[in-house]
Amino acid sequence: MPHQLPTKPVLTLAVAKLIAAAAEEVAVENQWSVVIAIVDDSGSLLYFQRMDQNANSSVDVAIAKATHAVQYRRPTKFHEELLDKGNMVVLGMPGMIPLEGGIPLYVGEHVVGAIGVSGVRSPQDTIIAEAGEAALKVYLAD
Amino acid sequence: MPHQLPTKPVLTLAVAKLIAAAAEEVAVENQWSVVIAIVDDSGSLLYFQRMDQNANSSVDVAIAKATHAVQYRRPTKFHEELLDKGNMVVLGMPGMIPLEGGIPLYVGEHVVGAIGVSGVRSPQDTIIAEAGEAALKVYLAD
Amino acid sequence: MPHQLPTKPVLTLAVAKLIAAAAEEVAVENQWSVVIAIVDDSGSLLYFQRMDQNANSSVDVAIAKATHAVQYRRPTKFHEELLDKGNMVVLGMPGMIPLEGGIPLYVGEHVVGAIGVSGVRSPQDTIIAEAGEAALKVYLAD
Amino acid sequence: MPHQLPTKPVLTLAVAKLIAAAAEEVAVENQWSVVIAIVDDSGSLLYFQRMDQNANSSVDVAIAKATHAVQYRRPTKFHEELLDKGNMVVLGMPGMIPLEGGIPLYVGEHVVGAIGVSGVRSPQDTIIAEAGEAALKVYLAD
(Lines give C-alpha, C1' and ligand atoms only; values in the text may rest on other atoms or scores of the structure.)
Protein backbone atom coordinates (compact mmCIF):
# COMPACT_ATOMS: atom_id res chain seq x y z
CA MET A 1 0.00 0.00 0.00
CA PRO A 2 1.45 3.38 -1.01
CA HIS A 3 2.51 6.05 1.47
CA GLN A 4 0.11 8.85 2.09
CA LEU A 5 0.49 12.29 3.58
CA PRO A 6 -1.74 13.25 6.50
CA THR A 7 -4.59 15.63 5.69
CA LYS A 8 -6.07 18.73 7.27
CA PRO A 9 -9.46 20.41 6.83
CA VAL A 10 -9.70 23.48 4.59
CA LEU A 11 -11.86 26.55 5.17
CA THR A 12 -13.96 27.33 2.10
CA LEU A 13 -15.32 30.68 0.94
CA ALA A 14 -18.89 29.45 1.48
CA VAL A 15 -18.18 28.64 5.13
CA ALA A 16 -16.21 31.87 5.61
CA LYS A 17 -19.23 33.82 4.37
CA LEU A 18 -21.44 31.93 6.80
CA ILE A 19 -19.06 32.83 9.64
CA ALA A 20 -18.93 36.48 8.57
CA ALA A 21 -22.71 36.67 8.23
CA ALA A 22 -23.19 35.45 11.81
CA ALA A 23 -20.65 38.00 13.04
CA GLU A 24 -22.22 40.80 11.01
CA GLU A 25 -25.66 39.95 12.39
CA VAL A 26 -24.47 40.59 15.95
CA ALA A 27 -22.84 43.83 14.86
CA VAL A 28 -25.98 45.03 13.11
CA GLU A 29 -28.23 44.08 16.04
CA ASN A 30 -26.07 46.26 18.28
CA GLN A 31 -25.65 49.03 15.72
CA TRP A 32 -21.90 48.51 15.82
CA SER A 33 -19.96 49.38 12.68
CA VAL A 34 -16.98 47.07 12.31
CA VAL A 35 -14.48 45.51 9.97
CA ILE A 36 -14.63 41.70 9.76
CA ALA A 37 -11.61 39.86 8.34
CA ILE A 38 -11.29 36.10 7.87
CA VAL A 39 -7.98 34.50 6.94
CA ASP A 40 -7.22 30.90 5.98
CA ASP A 41 -4.67 28.64 7.67
CA SER A 42 -1.84 30.25 5.70
CA GLY A 43 -2.74 33.71 6.95
CA SER A 44 -3.99 34.75 3.51
CA LEU A 45 -7.15 36.81 3.41
CA LEU A 46 -10.21 34.75 2.51
CA TYR A 47 -13.09 37.13 3.24
CA PHE A 48 -13.27 40.76 4.33
CA GLN A 49 -15.91 43.40 4.72
CA ARG A 50 -15.85 46.89 6.15
CA MET A 51 -19.13 48.33 7.35
CA ASP A 52 -19.70 52.05 6.79
CA GLN A 53 -18.50 54.84 9.09
CA ASN A 54 -15.70 53.20 10.99
CA ALA A 55 -12.14 54.53 11.18
CA ASN A 56 -9.57 53.61 8.52
CA SER A 57 -7.36 52.13 11.22
CA SER A 58 -9.90 49.34 11.72
CA VAL A 59 -8.95 47.86 8.35
CA ASP A 60 -5.36 47.11 9.35
CA VAL A 61 -6.29 46.23 12.91
CA ALA A 62 -8.91 43.64 11.94
CA ILE A 63 -6.54 41.96 9.48
CA ALA A 64 -3.73 42.06 12.05
CA LYS A 65 -5.94 40.44 14.68
CA ALA A 66 -6.94 37.62 12.32
CA THR A 67 -3.36 37.05 11.21
CA HIS A 68 -2.06 37.03 14.79
CA ALA A 69 -4.74 34.53 15.81
CA VAL A 70 -3.96 32.09 13.02
CA GLN A 71 -0.18 32.38 13.18
CA TYR A 72 0.05 32.04 16.98
CA ARG A 73 -3.02 29.75 17.17
CA ARG A 74 -4.37 31.75 20.08
CA PRO A 75 -6.96 34.46 20.59
CA THR A 76 -5.31 37.90 20.58
CA LYS A 77 -6.83 38.26 24.04
CA PHE A 78 -4.35 35.70 25.33
CA HIS A 79 -1.45 38.02 24.58
CA GLU A 80 -3.35 41.13 25.66
CA GLU A 81 -3.79 39.52 29.07
CA LEU A 82 -0.10 38.60 29.24
CA LEU A 83 0.72 42.23 28.53
CA ASP A 84 -1.79 43.41 31.14
CA LYS A 85 0.05 41.28 33.69
CA GLY A 86 3.26 43.10 32.84
CA ASN A 87 4.78 40.68 30.34
CA MET A 88 6.35 43.17 27.98
CA VAL A 89 7.82 40.44 25.79
CA VAL A 90 4.55 40.58 23.88
CA LEU A 91 5.55 43.95 22.44
CA GLY A 92 8.72 42.47 20.99
CA MET A 93 7.14 39.55 19.14
CA PRO A 94 6.66 39.65 15.38
CA GLY A 95 3.15 39.79 13.93
CA MET A 96 1.50 40.26 17.29
CA ILE A 97 -1.27 42.73 18.14
CA PRO A 98 -2.12 42.49 21.83
CA LEU A 99 -5.76 43.51 21.60
CA GLU A 100 -8.73 41.21 21.86
CA GLY A 101 -10.99 40.58 18.87
CA GLY A 102 -8.96 37.99 16.97
CA ILE A 103 -9.91 34.32 17.35
CA PRO A 104 -8.47 31.22 15.70
CA LEU A 105 -10.95 28.88 14.05
CA TYR A 106 -10.39 25.32 15.16
CA VAL A 107 -11.77 22.17 13.58
CA GLY A 108 -10.79 19.46 16.01
CA GLU A 109 -7.08 19.95 16.56
CA HIS A 110 -6.56 21.86 13.33
CA VAL A 111 -6.52 25.64 12.95
CA VAL A 112 -8.24 26.23 9.62
CA GLY A 113 -8.15 30.03 9.81
CA ALA A 114 -9.09 32.93 12.03
CA ILE A 115 -11.51 35.82 12.37
CA GLY A 116 -10.51 39.35 13.33
CA VAL A 117 -12.92 42.16 14.21
CA SER A 118 -12.22 45.86 14.82
CA GLY A 119 -14.29 49.01 15.06
CA VAL A 120 -15.95 49.16 18.44
CA ARG A 121 -14.58 48.59 21.94
CA SER A 122 -12.37 45.53 21.92
CA PRO A 123 -14.58 43.40 24.22
CA GLN A 124 -17.41 44.14 21.77
CA ASP A 125 -15.14 43.18 18.88
CA THR A 126 -14.64 39.85 20.67
CA ILE A 127 -18.39 39.29 21.03
CA ILE A 128 -18.75 39.71 17.29
CA ALA A 129 -15.81 37.44 16.49
CA GLU A 130 -17.14 34.78 18.87
CA ALA A 131 -20.48 34.84 17.05
CA GLY A 132 -18.56 33.95 13.89
CA GLU A 133 -16.63 31.21 15.65
CA ALA A 134 -19.88 29.79 17.09
CA ALA A 135 -21.46 29.70 13.65
CA LEU A 136 -18.65 27.45 12.43
CA LYS A 137 -19.21 25.08 15.34
CA VAL A 138 -22.95 24.93 14.69
CA TYR A 139 -22.35 24.34 10.99
CA LEU A 140 -19.99 21.44 11.66
CA ALA A 141 -22.33 19.92 14.25
CA ASP A 142 -25.39 20.08 11.99
CA MET B 1 -23.48 82.44 4.08
CA PRO B 2 -20.77 80.25 5.64
CA HIS B 3 -17.98 78.66 3.64
CA GLN B 4 -18.42 75.05 2.69
CA LEU B 5 -16.02 72.39 1.55
CA PRO B 6 -16.75 70.61 -1.72
CA THR B 7 -18.08 67.08 -1.43
CA LYS B 8 -17.39 63.77 -3.10
CA PRO B 9 -19.44 60.56 -3.30
CA VAL B 10 -18.56 57.67 -0.98
CA LEU B 11 -18.66 53.99 -1.83
CA THR B 12 -20.69 52.05 0.75
CA LEU B 13 -20.36 48.42 1.78
CA ALA B 14 -23.82 47.68 0.38
CA VAL B 15 -22.84 48.96 -3.05
CA ALA B 16 -19.45 47.23 -2.88
CA LYS B 17 -21.24 43.93 -2.23
CA LEU B 18 -23.52 44.59 -5.19
CA ILE B 19 -20.43 45.20 -7.38
CA ALA B 20 -18.71 42.06 -6.08
CA ALA B 21 -21.83 39.94 -6.59
CA ALA B 22 -22.05 40.99 -10.24
CA ALA B 23 -18.36 40.17 -10.71
CA GLU B 24 -18.69 36.84 -8.92
CA GLU B 25 -21.68 35.90 -11.07
CA VAL B 26 -19.58 36.17 -14.24
CA ALA B 27 -16.81 34.15 -12.62
CA VAL B 28 -19.20 31.41 -11.53
CA GLU B 29 -20.90 31.25 -14.95
CA ASN B 30 -17.51 30.63 -16.51
CA GLN B 31 -16.30 28.31 -13.74
CA TRP B 32 -13.44 30.68 -13.03
CA SER B 33 -12.06 30.73 -9.49
CA VAL B 34 -10.85 34.22 -8.64
CA VAL B 35 -10.09 36.68 -5.90
CA ILE B 36 -12.22 39.85 -5.96
CA ALA B 37 -10.95 42.90 -4.03
CA ILE B 38 -12.72 46.25 -3.74
CA VAL B 39 -10.99 49.26 -2.20
CA ASP B 40 -12.40 52.67 -1.32
CA ASP B 41 -11.06 56.01 -2.53
CA SER B 42 -8.32 55.95 0.12
CA GLY B 43 -7.02 52.59 -1.10
CA SER B 44 -8.30 50.86 2.05
CA LEU B 45 -9.90 47.47 1.58
CA LEU B 46 -13.69 47.63 1.64
CA TYR B 47 -14.72 44.16 0.44
CA PHE B 48 -12.76 41.01 -0.43
CA GLN B 49 -13.52 37.43 -1.25
CA ARG B 50 -11.38 34.56 -2.40
CA MET B 51 -13.09 31.72 -4.21
CA ASP B 52 -11.78 28.21 -3.56
CA GLN B 53 -8.85 26.56 -5.35
CA ASN B 54 -6.93 29.53 -6.69
CA ALA B 55 -3.27 30.22 -6.01
CA ASN B 56 -2.19 32.14 -2.89
CA SER B 57 -0.52 34.71 -5.12
CA SER B 58 -3.94 35.84 -6.35
CA VAL B 59 -4.66 37.39 -2.95
CA ASP B 60 -1.83 39.92 -3.18
CA VAL B 61 -2.26 40.42 -6.91
CA ALA B 62 -5.99 41.24 -6.71
CA ILE B 63 -5.42 43.75 -3.89
CA ALA B 64 -2.45 45.26 -5.75
CA LYS B 65 -4.55 45.68 -8.92
CA ALA B 66 -7.34 47.44 -7.02
CA THR B 67 -4.90 49.68 -5.17
CA HIS B 68 -3.04 50.59 -8.37
CA ALA B 69 -6.30 51.43 -10.12
CA VAL B 70 -7.53 53.74 -7.37
CA GLN B 71 -4.20 55.43 -6.67
CA TYR B 72 -3.35 56.08 -10.35
CA ARG B 73 -7.00 56.49 -11.35
CA ARG B 74 -6.47 54.26 -14.36
CA PRO B 75 -7.13 50.65 -15.25
CA THR B 76 -4.01 48.54 -14.66
CA LYS B 77 -4.32 47.65 -18.36
CA PHE B 78 -3.27 51.21 -19.22
CA HIS B 79 0.15 50.66 -17.69
CA GLU B 80 0.40 47.09 -18.97
CA GLU B 81 -0.01 48.44 -22.49
CA LEU B 82 2.62 51.12 -21.91
CA LEU B 83 4.98 48.38 -20.79
CA ASP B 84 4.09 46.24 -23.81
CA LYS B 85 5.09 49.16 -26.02
CA GLY B 86 8.49 49.19 -24.36
CA ASN B 87 7.96 51.90 -21.75
CA MET B 88 10.01 50.42 -18.94
CA VAL B 89 9.37 53.38 -16.66
CA VAL B 90 6.30 51.48 -15.52
CA LEU B 91 8.53 49.01 -13.67
CA GLY B 92 10.08 51.80 -11.65
CA MET B 93 6.87 53.37 -10.40
CA PRO B 94 5.67 52.82 -6.82
CA GLY B 95 2.53 50.81 -6.20
CA MET B 96 2.14 49.79 -9.82
CA ILE B 97 1.26 46.31 -11.08
CA PRO B 98 1.26 46.33 -14.88
CA LEU B 99 -1.29 43.56 -15.41
CA GLU B 100 -4.88 44.05 -16.47
CA GLY B 101 -7.74 43.22 -14.10
CA GLY B 102 -7.80 46.38 -11.96
CA ILE B 103 -10.38 49.06 -12.78
CA PRO B 104 -11.12 52.36 -11.04
CA LEU B 105 -14.74 52.99 -10.12
CA TYR B 106 -15.86 56.41 -11.31
CA VAL B 107 -18.96 58.30 -10.26
CA GLY B 108 -18.97 61.25 -12.58
CA GLU B 109 -15.52 62.77 -12.29
CA HIS B 110 -14.85 61.21 -8.88
CA VAL B 111 -12.96 57.97 -8.26
CA VAL B 112 -14.83 56.36 -5.36
CA GLY B 113 -12.79 53.17 -5.29
CA ALA B 114 -11.57 50.34 -7.50
CA ILE B 115 -12.04 46.65 -8.18
CA GLY B 116 -9.18 44.20 -8.68
CA VAL B 117 -9.55 40.60 -9.88
CA SER B 118 -6.96 37.83 -10.10
CA GLY B 119 -7.02 34.10 -10.59
CA VAL B 120 -7.58 33.32 -14.24
CA ARG B 121 -5.95 34.73 -17.40
CA SER B 122 -5.68 38.47 -17.07
CA PRO B 123 -8.09 39.31 -19.93
CA GLN B 124 -10.61 37.09 -18.12
CA ASP B 125 -9.85 38.89 -14.86
CA THR B 126 -10.75 42.10 -16.70
CA ILE B 127 -14.07 40.70 -17.93
CA ILE B 128 -14.99 39.92 -14.33
CA ALA B 129 -13.88 43.33 -13.05
CA GLU B 130 -15.80 45.07 -15.82
CA ALA B 131 -18.95 43.22 -14.79
CA GLY B 132 -18.51 44.75 -11.35
CA GLU B 133 -17.92 48.21 -12.79
CA ALA B 134 -21.01 47.85 -15.01
CA ALA B 135 -23.15 46.91 -12.02
CA LEU B 136 -22.23 50.19 -10.34
CA LYS B 137 -23.27 52.12 -13.45
CA VAL B 138 -26.60 50.29 -13.65
CA TYR B 139 -27.21 50.89 -9.96
CA LEU B 140 -26.58 54.61 -10.27
CA ALA B 141 -28.74 54.87 -13.40
CA ASP B 142 -31.68 53.00 -11.86
CA MET C 1 -35.27 58.62 -9.24
CA PRO C 2 -31.82 57.08 -9.62
CA HIS C 3 -29.76 55.72 -6.72
CA GLN C 4 -27.14 58.01 -5.30
CA LEU C 5 -24.12 57.40 -3.14
CA PRO C 6 -23.79 59.37 0.08
CA THR C 7 -21.27 62.20 0.02
CA LYS C 8 -18.55 63.49 2.31
CA PRO C 9 -16.75 66.84 2.47
CA VAL C 10 -13.28 67.11 0.95
CA LEU C 11 -10.37 69.16 2.29
CA THR C 12 -8.93 71.40 -0.43
CA LEU C 13 -5.39 72.69 -0.75
CA ALA C 14 -6.59 76.26 -0.30
CA VAL C 15 -8.19 75.41 3.03
CA ALA C 16 -5.21 73.31 4.08
CA LYS C 17 -2.97 76.33 3.46
CA LEU C 18 -5.28 78.48 5.56
CA ILE C 19 -5.05 75.92 8.37
CA ALA C 20 -1.25 75.74 8.08
CA ALA C 21 -0.92 79.53 8.02
CA ALA C 22 -2.83 79.83 11.28
CA ALA C 23 -0.63 77.16 12.82
CA GLU C 24 2.56 78.75 11.50
CA GLU C 25 1.54 82.12 12.90
CA VAL C 26 1.44 80.72 16.42
CA ALA C 27 4.81 79.06 15.91
CA VAL C 28 6.42 82.25 14.63
CA GLU C 29 4.96 84.36 17.45
CA ASN C 30 6.61 82.00 19.92
CA GLN C 31 9.82 81.61 17.91
CA TRP C 32 9.18 77.87 17.68
CA SER C 33 10.59 76.07 14.66
CA VAL C 34 8.33 73.20 13.67
CA VAL C 35 7.19 70.87 10.93
CA ILE C 36 3.51 71.17 10.01
CA ALA C 37 1.92 68.27 8.11
CA ILE C 38 -1.65 68.12 6.87
CA VAL C 39 -3.11 64.90 5.45
CA ASP C 40 -6.44 64.31 3.75
CA ASP C 41 -9.03 61.75 4.81
CA SER C 42 -7.12 58.94 3.10
CA GLY C 43 -3.96 59.69 5.08
CA SER C 44 -2.20 61.07 1.99
CA LEU C 45 -0.10 64.19 2.47
CA LEU C 46 -1.92 67.33 1.34
CA TYR C 47 0.29 70.14 2.64
CA PHE C 48 3.65 70.14 4.39
CA GLN C 49 6.18 72.70 5.50
CA ARG C 50 9.31 72.49 7.55
CA MET C 51 10.61 75.63 9.21
CA ASP C 52 14.37 76.03 9.44
CA GLN C 53 16.60 74.58 12.14
CA ASN C 54 14.57 71.71 13.53
CA ALA C 55 15.69 68.09 13.76
CA ASN C 56 15.27 65.72 10.82
CA SER C 57 13.19 63.43 13.00
CA SER C 58 10.45 66.06 13.13
CA VAL C 59 9.61 65.35 9.50
CA ASP C 60 8.61 61.76 10.14
CA VAL C 61 7.07 62.54 13.52
CA ALA C 62 4.79 65.29 12.21
CA ILE C 63 3.57 63.11 9.35
CA ALA C 64 3.08 60.16 11.73
CA LYS C 65 1.03 62.30 14.11
CA ALA C 66 -1.22 63.52 11.30
CA THR C 67 -1.63 60.01 9.89
CA HIS C 68 -2.42 58.53 13.30
CA ALA C 69 -5.01 61.25 13.95
CA VAL C 70 -6.82 60.69 10.67
CA GLN C 71 -6.69 56.89 10.66
CA TYR C 72 -7.79 56.47 14.29
CA ARG C 73 -10.01 59.58 14.16
CA ARG C 74 -8.61 60.71 17.49
CA PRO C 75 -6.00 63.18 18.69
CA THR C 76 -2.68 61.44 19.30
CA LYS C 77 -2.99 62.79 22.85
CA PHE C 78 -5.84 60.31 23.45
CA HIS C 79 -3.48 57.37 23.05
CA GLU C 80 -0.61 59.12 24.83
CA GLU C 81 -2.85 59.45 27.87
CA LEU C 82 -3.90 55.79 27.68
CA LEU C 83 -0.23 54.86 27.68
CA ASP C 84 0.46 57.21 30.59
CA LYS C 85 -2.19 55.33 32.55
CA GLY C 86 -0.34 52.08 31.90
CA ASN C 87 -2.21 50.77 28.87
CA MET C 88 0.69 49.20 27.00
CA VAL C 89 -1.53 47.90 24.18
CA VAL C 90 -1.00 51.27 22.56
CA LEU C 91 2.59 50.27 21.78
CA GLY C 92 1.45 47.23 19.84
CA MET C 93 -1.04 48.94 17.53
CA PRO C 94 -0.23 49.60 13.85
CA GLY C 95 0.33 53.18 12.71
CA MET C 96 0.12 54.67 16.18
CA ILE C 97 2.41 57.35 17.63
CA PRO C 98 1.42 58.01 21.25
CA LEU C 99 2.61 61.60 21.43
CA GLU C 100 0.39 64.67 21.41
CA GLY C 101 0.46 67.09 18.50
CA GLY C 102 -1.74 65.26 15.98
CA ILE C 103 -5.39 66.32 15.68
CA PRO C 104 -8.13 65.07 13.35
CA LEU C 105 -10.01 67.72 11.40
CA TYR C 106 -13.74 67.19 11.72
CA VAL C 107 -16.45 68.75 9.59
CA GLY C 108 -19.62 67.70 11.32
CA GLU C 109 -19.33 63.93 11.76
CA HIS C 110 -16.79 63.56 8.96
CA VAL C 111 -13.04 63.44 9.39
CA VAL C 112 -11.70 65.32 6.37
CA GLY C 113 -8.04 65.11 7.34
CA ALA C 114 -5.66 65.83 10.17
CA ILE C 115 -2.84 68.13 11.22
CA GLY C 116 0.37 66.96 12.84
CA VAL C 117 3.03 69.20 14.34
CA SER C 118 6.49 68.34 15.63
CA GLY C 119 9.58 70.30 16.59
CA VAL C 120 9.10 71.75 20.04
CA ARG C 121 7.81 70.23 23.27
CA SER C 122 4.75 68.15 22.52
CA PRO C 123 2.26 70.32 24.49
CA GLN C 124 3.56 73.22 22.39
CA ASP C 125 3.13 71.15 19.22
CA THR C 126 -0.48 70.70 20.30
CA ILE C 127 -1.00 74.43 20.76
CA ILE C 128 0.16 74.97 17.20
CA ALA C 129 -1.99 72.15 15.80
CA GLU C 130 -5.02 73.44 17.68
CA ALA C 131 -4.53 76.87 16.10
CA GLY C 132 -4.81 75.17 12.72
CA GLU C 133 -7.89 73.24 13.76
CA ALA C 134 -9.51 76.43 15.09
CA ALA C 135 -8.86 78.20 11.79
CA LEU C 136 -10.86 75.54 9.97
CA LYS C 137 -13.78 76.03 12.36
CA VAL C 138 -13.71 79.79 11.90
CA TYR C 139 -13.54 79.41 8.14
CA LEU C 140 -16.55 77.09 8.06
CA ALA C 141 -18.55 79.37 10.40
CA ASP C 142 -17.83 82.51 8.37
CA MET D 1 -24.95 13.66 8.98
CA PRO D 2 -22.92 16.70 10.03
CA HIS D 3 -21.27 19.08 7.58
CA GLN D 4 -17.60 18.55 6.92
CA LEU D 5 -14.93 20.75 5.44
CA PRO D 6 -12.94 19.41 2.50
CA THR D 7 -9.40 18.28 3.28
CA LYS D 8 -5.99 18.67 1.72
CA PRO D 9 -2.73 16.72 2.18
CA VAL D 10 -0.04 18.18 4.44
CA LEU D 11 3.70 18.00 3.92
CA THR D 12 5.45 16.64 7.02
CA LEU D 13 8.98 17.32 8.19
CA ALA D 14 9.90 13.65 7.69
CA VAL D 15 8.87 13.79 4.05
CA ALA D 16 10.51 17.19 3.56
CA LYS D 17 13.79 15.69 4.84
CA LEU D 18 13.43 12.80 2.42
CA ILE D 19 12.93 15.29 -0.43
CA ALA D 20 15.93 17.35 0.67
CA ALA D 21 18.13 14.26 1.04
CA ALA D 22 17.41 13.24 -2.53
CA ALA D 23 18.20 16.76 -3.72
CA GLU D 24 21.39 16.92 -1.65
CA GLU D 25 22.55 13.59 -3.01
CA VAL D 26 22.53 14.97 -6.56
CA ALA D 27 24.37 18.07 -5.40
CA VAL D 28 27.05 16.06 -3.62
CA GLU D 29 27.55 13.69 -6.56
CA ASN D 30 28.24 16.72 -8.74
CA GLN D 31 30.29 18.57 -6.10
CA TRP D 32 27.81 21.43 -6.23
CA SER D 33 27.40 23.51 -3.08
CA VAL D 34 23.83 24.76 -2.79
CA VAL D 35 21.10 26.01 -0.52
CA ILE D 36 17.98 23.82 -0.41
CA ALA D 37 14.76 25.38 0.91
CA ILE D 38 11.44 23.61 1.33
CA VAL D 39 8.28 25.54 2.19
CA ASP D 40 4.82 24.26 3.08
CA ASP D 41 1.59 25.19 1.33
CA SER D 42 1.40 28.48 3.24
CA GLY D 43 4.84 29.57 2.05
CA SER D 44 6.32 29.09 5.53
CA LEU D 45 9.76 27.50 5.72
CA LEU D 46 9.60 23.80 6.61
CA TYR D 47 13.16 22.62 6.01
CA PHE D 48 16.34 24.42 5.03
CA GLN D 49 19.99 23.59 4.67
CA ARG D 50 22.94 25.50 3.33
CA MET D 51 25.98 23.56 2.20
CA ASP D 52 29.37 25.13 2.82
CA GLN D 53 31.09 27.68 0.61
CA ASN D 54 28.23 29.20 -1.36
CA ALA D 55 27.36 32.89 -1.56
CA ASN D 56 25.18 34.54 1.08
CA SER D 57 22.75 35.57 -1.65
CA SER D 58 21.84 31.94 -2.21
CA VAL D 59 19.98 31.89 1.09
CA ASP D 60 17.46 34.51 0.01
CA VAL D 61 17.31 33.26 -3.55
CA ALA D 62 16.53 29.67 -2.63
CA ILE D 63 13.78 30.73 -0.23
CA ALA D 64 12.39 33.16 -2.84
CA LYS D 65 12.29 30.44 -5.48
CA ALA D 66 10.43 28.07 -3.18
CA THR D 67 8.00 30.78 -2.10
CA HIS D 68 7.33 31.87 -5.68
CA ALA D 69 6.70 28.26 -6.72
CA VAL D 70 4.19 27.59 -3.97
CA GLN D 71 2.37 30.93 -4.15
CA TYR D 72 2.03 30.96 -7.95
CA ARG D 73 1.74 27.15 -8.14
CA ARG D 74 4.23 27.10 -11.01
CA PRO D 75 7.92 26.38 -11.44
CA THR D 76 9.93 29.60 -11.40
CA LYS D 77 11.13 28.50 -14.85
CA PHE D 78 7.65 29.23 -16.22
CA HIS D 79 8.01 32.94 -15.47
CA GLU D 80 11.69 33.01 -16.47
CA GLU D 81 10.66 31.76 -19.91
CA LEU D 82 7.89 34.38 -20.16
CA LEU D 83 10.47 37.04 -19.40
CA ASP D 84 12.90 35.55 -21.94
CA LYS D 85 10.15 35.95 -24.56
CA GLY D 86 9.91 39.64 -23.70
CA ASN D 87 7.00 39.61 -21.25
CA MET D 88 8.19 42.32 -18.90
CA VAL D 89 5.05 42.12 -16.71
CA VAL D 90 6.86 39.39 -14.81
CA LEU D 91 9.17 42.04 -13.31
CA GLY D 92 6.21 43.94 -11.87
CA MET D 93 4.52 41.07 -10.05
CA PRO D 94 4.72 40.68 -6.27
CA GLY D 95 6.77 37.82 -4.82
CA MET D 96 8.12 36.67 -8.15
CA ILE D 97 11.71 35.61 -8.90
CA PRO D 98 12.02 34.77 -12.59
CA LEU D 99 14.88 32.28 -12.31
CA GLU D 100 14.61 28.52 -12.58
CA GLY D 101 15.26 26.30 -9.59
CA GLY D 102 11.92 26.60 -7.76
CA ILE D 103 9.37 23.80 -8.19
CA PRO D 104 5.94 23.35 -6.59
CA LEU D 105 5.28 20.00 -4.96
CA TYR D 106 1.99 18.55 -6.12
CA VAL D 107 0.05 15.72 -4.55
CA GLY D 108 -2.72 15.09 -7.02
CA GLU D 109 -4.31 18.50 -7.60
CA HIS D 110 -3.02 19.95 -4.34
CA VAL D 111 0.15 22.00 -3.93
CA VAL D 112 1.55 20.86 -0.58
CA GLY D 113 4.69 22.97 -0.73
CA ALA D 114 7.67 23.76 -2.92
CA ILE D 115 11.42 23.27 -3.17
CA GLY D 116 13.85 26.02 -4.11
CA VAL D 117 17.53 25.54 -4.86
CA SER D 118 20.26 28.13 -5.39
CA GLY D 119 24.03 28.08 -5.52
CA VAL D 120 25.15 26.80 -8.89
CA ARG D 121 23.99 27.64 -12.42
CA SER D 122 20.22 27.84 -12.50
CA PRO D 123 19.69 24.82 -14.83
CA GLN D 124 21.80 22.85 -12.34
CA ASP D 125 19.69 24.23 -9.48
CA THR D 126 16.68 22.85 -11.35
CA ILE D 127 18.26 19.39 -11.70
CA ILE D 128 18.72 19.31 -7.93
CA ALA D 129 15.18 20.54 -7.22
CA GLU D 130 13.73 17.99 -9.63
CA ALA D 131 15.53 15.22 -7.79
CA GLY D 132 13.70 16.33 -4.66
CA GLU D 133 10.37 16.49 -6.47
CA ALA D 134 10.95 13.01 -7.92
CA ALA D 135 11.67 11.61 -4.46
CA LEU D 136 8.24 12.75 -3.30
CA LYS D 137 6.59 11.00 -6.23
CA VAL D 138 8.48 7.77 -5.55
CA TYR D 139 7.59 7.95 -1.87
CA LEU D 140 3.89 8.39 -2.60
CA ALA D 141 3.90 5.57 -5.18
CA ASP D 142 5.66 3.12 -2.88
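For clarity, chains are labelled A, B, C and D in written order, and residue numbers in each chain start from 1.
Note that in this section a residue touches a chain if its C-beta (ideal position, glycine included) is under 8 Å from a C-beta of that chain, and two chains touch if they have at least 3 such contacts.
To keep track of the chains, here are their UniProt names: A, B, C, D = Heme-binding protein.
Everything numeric in this text was worked out from a predicted model, so none of it was measured.
With centres defined by CA atoms alone, the chain at the far end from chain C (Heme-binding protein) is D.
Computed from the mean C-alpha positions, the centre of chain C (Heme-binding protein) lies at a distance of 48 Å from the centre of chain D (Heme-binding protein).
Here the CA centre of chain A (Heme-binding protein) is 32 Å from the CA centre of chain C (Heme-binding protein).
Chain geometry summary: the mean Cα position of chain A (Heme-binding protein) and that of chain B (Heme-binding protein) are 26 Å apart.
Annotation for chain D (Heme-binding protein): residues touching 2 or more other chains are 42-43.
Contact between chains, using the touch rule, shows up for A-B, A-C, A-D, B-C, B-D. Every residue of chain D (Heme-binding protein) that touches chain A (Heme-binding protein) in the complex is listed here, in rising order: 2-12, 15, 41-44, 107, 112, 139-142.
Across the interface of their complex, chain B (Heme-binding protein) is touched by residues 42-43, 70-73, 88-89, 91-95, 111 of chain D (Heme-binding protein). On the chain A (Heme-binding protein) side of its complex with chain B (Heme-binding protein), the touching residues are 12-13, 16-17, 40, 42, 44-52, 56, 59, 63.
Chain A (Heme-binding protein) meets chain C (Heme-binding protein) in the complex at residues 55-57, 60-61, 64, 80, 83-84, 88, 90-91, 96-99.
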